[in-house]
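The following blocks contain the structures, represented as structure tokens.
First chain A sits with chain B, and in the next complex the same chain sits with chain C.
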Partner chain A sequence: MSLYGILAVFGEPEALVEAAGGMRDRGYRHMDAFSPFPIKELDQILEIRGSRLPWIVLAGGIASAALAYALILYSVEIDYPINVGGRPLHSWPPFLVIAFEAGILGAAFAAFFGMLAANGLPCYHHPVFNAEGFGYARGGKFHLLVETADPKYRKGVTKGQLRRLGAESVEEIEA
Partner chain B sequence: MADVSATSPPVLRGRHDFPEISGRIGSIVLSGRLPRHFWTAFFVCFLLVLVFLYSITYLIAVGVGAYGIDIPVAWGTMISNFVWWIGIGHAGTLISAVLLLLRQPWRASINRFAEAMTLFAVAMAGLFPILHLGRPWFFYWLLPLPNVHMHWPQWRSPLVWDFAAIATYATVSLLFWYLGLLPDLAVLRDRAQSRPVQLFYGILALGWRGSAFHWARYQTAYFLLAALATPLVVSVHSIVSLDFTFAITPGYHSTIFPPYFVAGALLSGFAMVLTIAIPLRWAFSVEDLITVRHMDNAAKLMIAAGMVVAYGYVSEAFFAWYSGKPYERTMMIERALGPYAQLFWVMLGLNCGVLQLLWFRSIRRTMPLLFAIALAINVGMWIERYIIVVTGPSRDYLPPAWGEQSLTGLDFGILFGSIGTFFALVFLFIRILPAITIFEIEELAEEKGKIR
Partner chain C sequence: MSRFEQGILIAGIAGLVCCAAGAWLDAKAMLGAWLAAAVFMLGLPLGALTILMVHGLTGGSWGRAVREPLRAMTATLPLALIFFVPVLTRLGLVFPWAGADPATLPETVREKLAYLNVEFFLLRFVGCIAIWLVLIWIALGSTAGRDHQMGRNGKRYGVGLILHGLAVSVFSTDWMLSLEPEFTSTVFALYEAAAQVVAAFALAIIVLAARRAVDVMPGAKEDVALSEDLANMLLGFLLTWVYLAFMQWLVIWGGDLPDEIHWYVVRGHNGWQYVLWLLIGLNVLAFAGLLSRQLKRAHAGLLGLASATLAGHFADVFWRLRPPLLAHGPISLWHDVVAWVGMGGLWLALFIFLYRRPDRMSLWKREAAHG
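Moving on, here comes the complex of A and B:
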């Protein structure tokens, strides 16, 4: 079995942030952190870039609204033009209502499924689940992962560095 | 409650640590040892579910005339139930989405069950227009589906907009709720003891592992959904009110309806939040997570929404007079003095009178009193919807055609049946899913320095 990386366990969110910063200063770049709730300070340390999700959501909303409006337009102008009380066939104010609702629906789908796709979820098998001490929610622990893919990675050295940065325990995890 | 300060009770009481928070909330679900009165209450609700099923079967077999509607009053309790339920749902979205955008920390412990409340209320609401159709099995004609008739929905009709709005609202509420549940499902997966339970929550959790990269995108998506839900919730109840205002019936045809309906929705919705939260926090001893502060703030929002509703009542009456039209004036006078007068005054007494008690801090912070007021407002708001639906058509343009809707046993069978079904769903939700958002409480505890 090949190694996937080294997982260090911390008892406090501050300790995790400090250790992640320390490992970054030592030149590590292929890291990930696991916490039971979002920790804002990690974004900068782990170089988490701003997501493109807002643009996907905007595109989903506009596409969905346009599609709904086009369907209505097709039905009233081409497929089944019928005079209702002398109103114009293309009576846009009422059509906008449905286009608005469709736009919200499309944007919501884009946000939900876009987030899942960007995060690679659902993902039922991931190396971190192989770790003894994972189950991040059980004891309110905070985890830092250094991947073997990191150019700075040296098994013994990395472990020692993590211990000196205050890890409660350090574990090798298999891929 | 002795340690609650007079000015502003805290959002979280006491000091906590992370295993304690996730353990306490998770164990309500995982240990499965719920108090005996929980199951007693569930049993009562289950009986009402049976009443509901019987009533619906009877209604479909006999037809809509079975529940007291007749020309001229062709809209009855099915429509008022619909508006009432959809309104109850709106407070859940307001708490979860609007308060998230406004960064109000007090939403964290009540947003989950408020969202669940939304979902179940919308599920109930969605049934009523379909039951009202007379031939409910043709409801899919409202959808633009290719079918053998080659027809299209009438896009200019508010009923079709309504269908689009409710369907969108139900879907977006479900997505928002599930997205919020995702990290908590992972907590339950990791805390579960038995294999089937691990599998159940594990599959639902989609392999969530709390990676910092995931959290960043997760929060973006969550905020975006909140930002989408906020205009949606306003549009949904506005569109519901357009069902009325597009008709020229006296008492329906009014421009005050959209804002008035949205305010009414918030009033009844917050009343329902309190109706559920007060017994919940007592029964599961989570008074330090759902604190008096939450109850107090919800009561304040009720007062705010209630004053807008009161303005709506005044505005309706004023414009009926100011329009100078005898039909509008007659309808208004008949509403106050005619066959529905008793209900009308009870409604005013509850929604405008009893509500004013909430101005007093001591009443807002006395849970049994607040619970009683919330129940009174729920009743008052149902009566309001009923009054709006039936008084207009019962006194329209031709006096010889005047007539009343009579409430029958079936009306109440379906109303109380739906209430029972709603609470049965809430009970099942409390049993199966964490009713308080674990990760947000932990984040809050961390931010407020309430960690041991």
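Moving on, here comes the complex of A and C:
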């Protein structure tokens, strides 16, 4: 089994924020934090980007509206042109309504599946659950993870740095 | 009064003087321009009244932030009603059904004369005024003070909104639809009510954001930007209006009946198509901008979005009301300019005066405390 990373446990949210900042100052970038509630300061330290989901939703909405409109156009102009009460074949006012509804449906689907994809779901297991003290049932502590993928990572050095930054305990995590 | 308010008031009075000259030169052209401007002005307090009553039923922190500008807007309703007096004196110049020989009217209009006659028209207008005056008395009274209790007036607001809906329906049918008496549209009253709400809310946002950033105001939560909340409400109101406006077009386009589609034919030719494109462009701009979080959270962005929405509403009112009334081509548009400046100046001066001194509306507060 290979090593996935090192998990440090902190008792207070402030200690976690301070330690994350300290590790960032030492040049670490491949880090993640786990806490029972959101901590705003961590967004900047861990370089958590704003959500890209709105763009996915917009793209999904526009694509599916265009698709629905194209389907209607194909059916009335090419596949089955039929004169309805003397209206032109390309009767855009009613078509817009259907395209709009399809756009809403596409946006909703894009939001649902985009959210799953952006969160890396479905994910049946994550290496951090291999840690001894992880999980809300064991006290809801604050965790900082340093991945082995980080270029600055040196097993002994990293552990020592985390301890000096105030970690209650430091644990190696198997992948 | 501050110099700013005095300046607006003087501009308004100058506009009114020009209006008087215009009425002396050509009363029919002047009254046509006057009516469109008066309907726009009345739309703002009516929309504000609607939002105040809806917020009285639902609550929510967005309403606390916009309450003061909406109250000041609602309190200008009597002035906006006075703007209709000049039209009342010469109804025949504006409305084809008033004062005309029934024999000269088309068959479809003659059948409507049981409803469209001057006596009944005046009676209905008086009824609308009575309803609105009582409603602004209730709405202003119960929203006065810093920390009034939400939800206590639920029943009154519920009944009030029903009456208000009736009054706005009657008003928009009488004063807007009946300019072309052969035209019918059952969705028009709701279309107008939605437009009023959009305009009042957009103006409230502009007033709030004119001087300072919106985020620091009472009602703002820590993690949700108030400006974004307000912009999202505006987007919701705008979508309601777009839906109703489009539904009227869709139904009439689908039926393609001469009396109905004529309304759109008139508004799609002789230069009116440019106003239509302008109003579509402004509203598309506002809609697309309201989707962007950065714009909604930025001070200038919020101001710009609300201004585009209000300008779109202005174009919408002009486009709906003016075509049947404008007879002499673009030159007579100067009537519109003086009417807008005159009424707009007077109304704006009163609005800003009341907004800066909410205690001047104390009459309402005291009355409500006793009742």
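By definition in this document, the second predicted complex is superposed on the first by the 159 of 175 C-alpha atoms of A that agree within 3 Å, B and C clash if a C-alpha of one lies under 4 Å from a C-alpha of the other, contacts with A are read in each partner's own complex, and residues count from 1 in each chain.
One rule holds in what follows: a residue touches a chain if its C-beta (ideal position, glycine included) is under 8 Å from a C-beta of that chain, and two chains touch if they have at least 3 such contacts.
If you're wondering where the values come from, they're calculated on a predicted model, not measured in any experiment.
With the two structures aligned on chain A, chain B clashes with chain C. When the shared chain is aligned, chain B and chain C each come close enough to touch A:97.
In the superposition on chain A, contact of A:160 is made with neither chain B nor chain C.
Counted by residues of chain A touched, the larger count belongs to B, out of chain B and chain C. When the two structures are aligned on the shared chain, A:80 is found in touch with chain B, with no touch to chain C.
In the superposition on chain A, A:32 makes contact with chain B only, while chain C stays out of contact range. Contact with both chain B and chain C is seen for A:54 once the two complexes are overlaid on the shared chain. Only one of the stretches 9-17, 153-161 or 207-215 belonging to chain C overlaps chain B in the superposed arrangement, and that stretch is 153-161.
According to the touch criterion, the shared surface of chain A, contacted by chain B in one complex and chain C in the other, consists of residues 54, 87, 94, 97. Those residues of chain C that touch chain A in the shared complex are 246, 249-250, 253-254, 256, 291, 293. Those residues of chain B whose C-beta lies close enough to touch chain A in the complex are 17-19, 21-22, 144, 150-152, 154-156, 160-161, 164-165, 167-168, 171-172, 175-176, 178-179, 183, 186-187, 189-191, 202-203, 206-221, 224-225, 228-229, 231-232, 235, 239, 438-440, 442-443, 446.
Touching chain B in their complex are the following residues of chain A: 13, 32-39, 42-43, 46, 48, 51, 53-54, 57, 61, 71-72, 75-76, 79-80, 84, 87, 91, 94-95, 97-98, 100-102, 104-105, 107-109, 111-112, 114-116, 118-119, 121-126, 128-129, 134-140.
Contact residues on chain A toward chain C in their complex (touch as defined above): 54, 58, 85-87, 93-94, 96-97.
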